[in-house]
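Shared between the two complexes below is subunit A, which has subunit B as its partner in the first and subunit C in the second.
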Partner chain A sequence: MAAGATYVPIATYTASGSTTTITFSSIPQTYTDLRIISNLVFSGQIYLQFNGDTGGNYSITYVQGTGSSASSGRTTNQTNGMQMGYGVSSNLTVFTADIFNYANTTTYKTALSRDSDAGGLAQASVGLWRNTSNITSIAVYSPGANYSSTSTFTLYGIASA
Partner chain B sequence: MSPILGIYASQISGHLVVSNSYYSIATGYGTGSSGTITFSSIPQTYSHLQIRYMAKGTSSAGGYPTSSNLYFNGDTNASNHSSHNLRGDGSSVAGGGGPGADAPFAIPGSYGSWSSSSILGVGVIDILDYTNTNKNKVIRTLTGADANGTGGVLLMSDMWINTSAITSISIVADSTYIGNWSSNSQFALYGIK
Partner chain C sequence: MANPTMTLIASNTVGSGGASSVTFSSIPSTFTDLLVKISTRAAGSGTATNQQLNFNGDFGGNYTSVFAEGTGSSAVSYKNTGYSFHFIGNIPAAGATSSTFGNCEIYIPNYTSSNQKSISSDSVTENNGSAANQDLSAGLWTGTSAITSLTLTCGSGNYVQYSSFYLYGIKNS
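Moving on to the complex of A and B:
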């Protein structure tokens, strides 16, 4: 991609209040990185699932602070996706995730996220999807909790020179 | 898990507006034989810079998190920097840094679980108000790497104690723990108006 203006909004979704999953499908393969920016209200965990894969190919490492303590942890061989954030139902959570070099077919895919819940915690995470496929769809999945109707999700594409 | 609601990018209309404030400037690629990526003659027409990378080193020396350095305008004097960081390795959390501290990034070498060429570290580096000649320059980073059972995530702030406008940036790998940038490493520089 030639140098020039980038950071292009690909798609935006506002939750209905009765869904646990937002899916970005048919993602264009013309960018270098993807970025999800979400402002959401829900209670639960946020997973990023790629290409519908539920095969235990996800892992993460995170660091977080709750206002009274800090900790780091990890999960391995996850099936739902990368568990990249948390939300508390009474608070707005700002969640951003960067997915790097998503269209290449030679490396596993790695993502970084920031999760900021004013009433709960602040967290940064790195996640790995052990699959060399190019990413064509992303599900932002919260098992067991619906996203409120004030929750928004936007997917951006960033192209390097 | 089956997604129950979704949207298709191809169905979106009226939103596909190219931003006029975020620009791709240049991309540097690893060769496997050099530990330095340099962006030079950086345009002075933006407010901020951002580097987004996906990278790893060729060294098999081990040791994680490894480090590298971000040098501005060819200044390699560590005493002109002060950095602080917060990092987690999956079991413990720690902070570090201080005057003269290196600027650590979570970039793996090629050893143990990191030997696979398929696993790289990633990061976003923001360099604020880089053309201003009245204040020192401050950067922030979020970097990380995961290999399904090992890895780390790291947030860092770094100050370059110099009021010069930034015209060049070099990303220099730690010679021991990273070695050279692998041939599938890439660092992309963007300008933000």
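Moving on to the complex of A and C:
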């Protein structure tokens, strides 16, 4: 049995209905990976922004289905974060993101996400942050769209040992 | 440090007689989210069949699913509105390579809330390189009651022996 605790809740928030950003700050550096679970209602883009970096240092590739067509695309040198999801309706959306090896100071950081909105989107994305800093804060950022007051966000720590 | 909160609630492995469906009932309300991990194969004809999810014994037209599916050669997307189940993907059937099982993971956040329930599921099936399906699904159940049971149903024939189902609870505090 591994000695370290895994799948540990670090912080959880419920949106106020008038905010576009939920920020997890002072993230402990004691885990291997991070996982964000969000159940939210809004219509807009979902960005993950690390350590407050708003520069063009993010890239994403996605595959998605809208209910009528399937497609894949890529965006490079993205500013304000990696766009990892999209709320398209008034339905509850499930958004999950895994951020790997976040505490190391040697490699660029990668993330995988799933976005599920029965109103019209099933999407999987991979993102890259071109920065070797350890991640100490994550903003789940939605430009121009408030998260409803039923939206919840939890950050978990995953330990490998 | 907070306590780890991913807890196995129940599991089920299908015996030699097969099973057309598997139900987890009396799900405790003490968690925040539910996670289901399954490895399954169907006895029905063809190389693949679908797999269905229902909550609280509701088999009415109260489910909507959007999914993106890749087959190895093309990708498609469909939306099922007002269906009697949530489509969670395909699994290998009798015509697929023997001993090959499909894998699926289902995430259900805030399952005790009084809101409608959202679902995210990922599913893969493989036929030894000659065919495959990968499905990303988004689901909505219009029920506003807390989820106390969930049923997984094989689309064609029974689940075969050794099909396995694991239900986990996840707490956010």
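We adopt the following convention: the second predicted complex is superposed on the first by the 155 of 161 C-alpha atoms of A that agree within 3 Å, B and C clash if a C-alpha of one lies under 4 Å from a C-alpha of the other, contacts with A are read in each partner's own complex, and residues count from 1 in each chain.
One rule holds in what follows: contacts are C-beta pairs under 8 Å (C-beta built on N, C-alpha and C of every residue); 3 or more make two chains touch, one makes a residue touch a chain.
Note that the structure is predicted; figures quoted are calculated from it, not measured.
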item: Side-by-side fit of subunit B and subunit C on subunit A, or clash; value: clash
item: Contacts of A:6 with subunit B and subunit C, given as first, second, both or neither; value: both
item: Subunit B versus subunit C as contact partner of A:141, first or second or both or neither; value: first
item: Which of subunit B and subunit C A:27 touches, first, second, both or neither; value: first
item: Contacts of A:124 with subunit B and subunit C, given as first, second, both or neither; value: both
item: Residue contacts on subunit A - larger count, subunit B or subunit C; value: B
item: First, second, both or neither for A:152, with subunit B first and subunit C second; value: second
item: Partner chain(s) touched by A:132 [first = subunit B, second = subunit C, both, neither]; value: first
item: First, second, both or neither for A:67, with subunit B first and subunit C second; value: second
item: Common ground on subunit A, meaning residues reached by subunit C in one complex and by subunit B in the other; value: 5-10, 12, 63-64, 70-72, 114, 124
item: Touching residues on subunit B, where the partner in the complex is subunit A; value: 1-10, 12, 15-27, 52, 54, 86-93, 106, 116-124, 142-149, 151-155, 184, 186, 188, 190
item: Subunit A residues within the subunit C interface of the complex; value: 5-10, 12, 30, 37-39, 63-72, 91-94, 96, 114-124, 150, 152, 154
item: Contacting residues of subunit A [partner subunit B, same complex]; value: 1, 3-13, 16, 19-28, 32-33, 49, 52, 54, 59-64, 70-74, 76-77, 80, 98, 100-101, 106-108, 110-112, 114, 124-128, 130, 132, 139, 141, 143, 155, 158-161
item: Of all residues in subunit C, those that touch subunit A in their complex; value: 1-6, 32-33, 64-70, 75-79, 107, 109-110, 113, 115-122, 136-140, 170-173
